[in-house]
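You will see chain A twice below: alongside chain B first, and alongside chain C after that.
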Partner chain A sequence: MAIFKPRNSSPQPIRFVEGSDVPATHLMGFEQEMALCATKSSGPVPDLEILLKKLCEIAEESLIHLRGFGDSGIFIANGGRLYVDCLKYEYAGPECSDPDEMVKYLLAGERILAALASELARRTGLDDAGLYRCNVDYVGSATWGAHESYLTRSEPSKLSADLIPFLAARVITAGAGGFRPLTRTGCTFTLSPRAWHICVPMSQSSTGAGERGIFHVKDETLSTGYHRLHVLVGDAICSHAQNWLKFATTSIVVALADAGLHPAREMALCDPVDALREFASDPTCKATARAKSGRQLSAADIQRHYLKLARQHMHADWMPAWAAMAIEKWDAMLRQLDGAPDSVATCLDWAIKYRVFQSHIEKKGFDQKWLRNCTHLTDFLRCCLDATPSAASLSEFSPELLLNPRGPVRKIVSQLAPFLPSRAMEWGQLETYLKLRSELFALDFKFGRLGEKGIFNCLDRAGVLDHRVAGIDDAQIDYAAAHPPALGRAKLRGEAIRRLHKKGSRDVSNWTSVFDSGNGMLLNLSDPFIAEEIWSKKGNPNTACNFPF
Partner chain B sequence: METQMTLHRASRQNASTDPSSTSQGLSQIQASCRRLADAADAEIERALNGDLQAEEFLASAHQIRGGQ
Partner chain C sequence: MNPAGDIAMKSATLVLEKSKITAPQPQSSPSNCVLDLWEQGIERYAHCAAAVARLIVAEPALVSGFADPAAVESALRAALSRNLTGGKTSSPAFWFSATAQFMVLTARPSDAVAIYRQGLDHLKTACGHNHAETHTLAQEMERLLRLLGREEEACAIGHELRVKPLMAQDDEGSMLALRGNAYDAFAAGRYAEAEAIYRHLLARNFEPAGTHCHLARVLLALGRDADARDEVIRAWDAYTGDETYIAVRILYLKALLAALGGENVSGPLTAIEQNLLNQPETRRTWLIEPILERVQSMLTPKTYAQFARLSRIISGGAMD
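And now, the complex of A and B:
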């Protein structure tokens, strides 16, 4: 059994495996990247860089914070961090010990950011400014990550084989939904647009096009005595229940792997990236992929395998205290997915979007089959244009160009014409298709907007969704916006930030320490489970060396 | 109005009473989907009738992001 080792009067003592310093409390965290979009009717919208800088200024003015060391944004009183990276605004939550906390701090951050964006619009004379959990850019090739971190005892690279099948299979429970990106003409629904930016089973890179892996081997520990598994194959999602399940199930699977159980022994996939995309392409969640064992496995089969193992070990002393409850919810969700997409249409982001898109397509008088046919046709025409020397450089893909009697693909257009009626298509619908495609992409983009204008939030207010987590209410989210979690180093960081901020000094923070410049004192937070503030004398980190901590 | 999380409800049901496995469950699911679709229609209308047409919105959003 796990025992409690209260190191001080912490209200929720950290659980440790009896006779060891292995934590049964599982710390985890998240980073969410968001797109900033603005409109202005009178005059041009300022450059993104200028707007992001302004957003940072507003955050510094309005939030209790300490500057991050170097040029790393700010750390705020809830123990999290706000910063700009690669022209993307990011919120990294504080270290949390259970999925309830993870959801609370995610929602708290989103609430903070929505308010910052509104203030940005007000101060800069914009008609509108918003932050979007959009995952992908349908016009270009940009993508926004929703990364997770899990504290482990093992080096991440040793966990790759144990986790890759799960990370590929969790798309049916963790996907945001949307359309396949990186296509110039197609419009194909997917459970996860980010899946098409994941190109290799394992990678060092988290940003390079064609280099992102299902498993990220980076091991930036940000602590002493532990490792940090960084998960980059994930979408930004809105559903509270779905976020809860994503964090809980991944944490449990990481715990199984970290305990040396090799949970994926029979689940190794022949081609994990291909499997991820197969699973992501089927809203009924029945698609299968070939395992190295020779079996054809669905994503639910793979998840059930992990679930079974988790159930066998749910009372192990290295399992988190909330594991039994999470396992029941996980089981229930997998059973519910038997009837996907309708059975999960009010609780999982991808299924909610599927229904929203379906509604719009039907309202326009079309169906998924027609959309699929149009996708095939336009993809084919795009390939023809690319293969035509005189037209290969044309970026425009318009009905005028395609249907021009003297256009570059006129012969193909006339050859295809007799086959269109049998597919309920006609050339005159080309413009309609392209317009509908843009509308669907725009709906996806606007679905996850933070604040009251987001489509998800509007549907939630209308009372047609069933995604809330019992026990997480507005008051708790507001509290989490200004206060750190109850245990672990995030608690100490948040409390120190609140105390030092009042002095308005040049104090700084990062994940592993806080520096009190006035007294030249350093709070060492390299132990993620530290429960007591221990300060030691240090020089000014801004002048002493590059990395003072 | 805050609703109970689907998962909490579902976890209290055994496999034989899974919503999608009974006719009553199926009609409940269909009713939920209809309510969602009705609400979605209104939101779609609002979302697509902003200052910018969908294509313009996507292009401007792309442009302001620097087209990475």
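And now, the complex of A and C:
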């Protein structure tokens, strides 16, 4: 069932609430980190650092761009930015004014990056090179972020209480799916692997292990007169419709909070992190968490509460023009989730993955129950190994170690043997379980690969998915790869980049300005809604000390 | 227990019910409580999982010996007891935590609270209030109490462990930390707790202008407008001109109290705005919404809008 109907996609003009500086045009953006992975049959694969450097060189050679200030990558003609951060390749899209644009520029960036990766493989003699929206690393503890930004008038910290319940609950509509990370031996499906890296309700940090919060209080405004809410609890997802809904619903909820409506007044959760994990653990989306009001709320209950309030204020002058349509789509999705996971198995990433994993498990002759039993058994044995005096030297968890007659847990293994048949398990299957676990993790990793080799994209080509947003076609995505959005400062930035781009140029850009070094002129973009290029003289462009930033 | 507390406990028990371990059912091959524990999600309770594993590594026969939850509990309690009387290697906080977590896992949250209390009493005597293990156990207990809806008890734990030790100190670092605690209490709506801390700081003459101003804000939130007015006057008297951002906030509260008294405050509000325009460094985060929300119905819509707008500007928002 297609939930996204065709519509007119021409951009709405920038609007402000009459007689005030309150914008009714909602600006938003995204950043997506990706893992670079390469293979080579003859000879060693170069270091990741070298490959990323090469990828940057290719981007500079093949794309219209200006250098970012300092070591901040490049700004490209669509107004977005490409850069390397902590050995991850990252694309930050331009500021967009509606969810259609957000999806278009996300897809445009992904198209650019897939082409860059292919070119990297060709130039460096690799068999293959790809960029992956993988979210988490199941071996270590690394994560790849998919962050969003929403322009607000309120300081982010003041919106925390209003947004935390929504951000915890949106996992059922915005999760990428995968397996619980950080378990070392387990293999348990989750709606959002990154949810397990979220440890506190609020945080300053976006990277520290054990410090990531559902709500990020960072307030790097990158503008004058507004604030920027930075959302870090989210996954990189492939489904166009799911991305659309994530951006649209979050933008609406942020608007409700920014308007001072306190949308979460009755929704405050006793333990938001625990609630997020409960919601993320249940593919039927029926899990509940305790609210401070004493009620048990499911993620859908919480979202319906916000939806109801959004509907009440749908025609408020501070609501975006696309709000009514978004509210209908939101409502339809929540209804569809009543039958989860099957009812959303062709449109939401987590449910598509759930089916893919299920199919693989069954193909191997097992079922979810067996997988769960193996997870519990191996988790228990892992705990026992940790408790042995030799724990520090036991980095490898293998059947050889566990079943070794002189191994550290041999007595426990023999004590457990009589209890395995009732769980349809036997020690001989341990290796099979660990192999299946690796295969499932590999499937998850390959699911979000950019380009035609990605599993999601293969399924899409096979016509088995129902995730596209009507009105967004290939031509529009290609256009968005090379041109900025039609409104706001991203438009001016993109146009200036296109004009100033030339080989060896010392012209630079960042989010709030563009510097024309030849003429010593600065384009100030600190007003995110600016509609006209106004350049001003800025010192001697040939001396670094007069650099404008 | 009062009826509200009783309801809270019942619903919390319901929450925890799903993780309750069921008694072993007759099967063709024997069941095993150890594996049941992992099936029921013991890994969410890290100390409990590690404790059970430690017991089994020390005595593998317990795999069979742990036929039901009562056997596991008994072993955990015995280990706790041993560690309370143990030598240098003992870690009572770990075993208190593990035993309490087991109670939660087996849907007995009130027993868990009792174990935590016992643990805190022990640790406060054995290690002191400020010991890291005491704090860790207290935090676990606080979290459980909040999950059970026992907010007041949770606050009391936090007060005793975080606030009271700081109140015994007179150095600047402790005062600053106390002020942070007072702000957290205010932001969480625990106004009485915030008031007590600000009064403590004033008794030690800690940054009187700012602290009187903070206290005025708390009193406004409590609806004690006359007391708030006194604090605003004291704040203004104590203001030395060093920190201009404080002056803006004092003047804002003064104007708000005047407006609540029915005075026309357009002039003062314009003056404050001008001040903000001339001194951008005075614009920084300020939490005043709870007060504005309380007084909204007492002000005309126009006056309320003026105050709301000004509060946004004070907090760094856009100026027209």
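Just so it is clear, the second predicted complex is superposed on the first by the 523 of 549 C-alpha atoms of A that agree within 3 Å, B and C clash if a C-alpha of one lies under 4 Å from a C-alpha of the other, contacts with A are read in each partner's own complex, and residues count from 1 in each chain.
Methods note: a contact is a pair of C-beta atoms (placed from the backbone, for glycine too) under 8 Å apart; a residue touches a chain by one contact, two chains touch by 3 or more.
Quantities reported herein were computed from a predicted structural model and do not represent experimental measurements.
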Next item on the list: Answer with clash or fit: chain B and chain C placed together on chain A by superposition.
Entry: fit
Next item on the list: Go through the superposed model and pick first if A:T388 touches only chain B, second if only chain C, both, or neither.
Entry: second
Checklist line | Dominant contact partner of chain A by residue count, chain C or chain B | finding: B
Notebook entry, point to check: For A:G140, is the partner it touches chain B (first), chain C (second), both, or none of the two (neither)?
Noted result: first
Note to self: Quick check for you: in the superposed arrangement, does A:A486 touch first (chain B), second (chain C), both or neither?
What the structure shows: neither
Next item on the list: Examine A:L465 and indicate which partner it touches, taking first as chain B and second as chain C; both and neither are also allowed.
Entry: first
Next item on the list: Kindly classify A:K292 by the partners it touches after superposition: chain B alone (first), chain C alone (second), both, or neither?
Entry: second
Next item on the list: Write the angle, vertex at the C-alpha centre of chain A, between the C-alpha centres of chain B and chain C, to the nearest 10 degrees.
Entry: 120
Check: With the two structures placed on a shared chain A, what shortest C-alpha distance in Å links chain B and chain C?
Finding: 24
Checklist line | Set intersection of chain A contacts, chain C complex versus chain B complex | finding: none
Note to self: Applying the document's contact rule, which stretches of chain C touch chain A when the two form their complex?
What the structure shows: 7-8, 11-12, 14-15, 27-32, 34-35, 37-39, 43, 49-50, 52-54, 56-57, 60-61, 63-64, 143, 146-147, 149, 151, 285, 287, 289, 293, 308, 312, 315-320
Item checked: Sites on chain A touched by chain C in the complex -> 21, 153-155, 157-158, 183, 186, 224-227, 260, 262, 270-271, 274, 290, 292, 294, 296, 372-373, 376-377, 379-380, 383-384, 386-388, 409, 411-412, 414-416, 418-419, 421-423
Note to self: Please output the residues of chain A touching chain B within their complex, sorted ascending.
What the structure shows: 35-39, 41, 45, 48-49, 51, 86-87, 127-128, 132, 137-142, 240-241, 244-245, 328-329, 331-333, 335-336, 338-339, 342-347, 352, 355-356, 358-360, 363, 435, 438-439, 441-443, 445-446, 455, 458-459, 462-470, 473
Check: What residues of chain B sit close enough to touch chain A in their complex?
Finding: 1-8, 10-11, 13, 15, 18-21, 26, 29-30, 32-33, 35-44, 46-48, 51-55, 57-62, 64-68
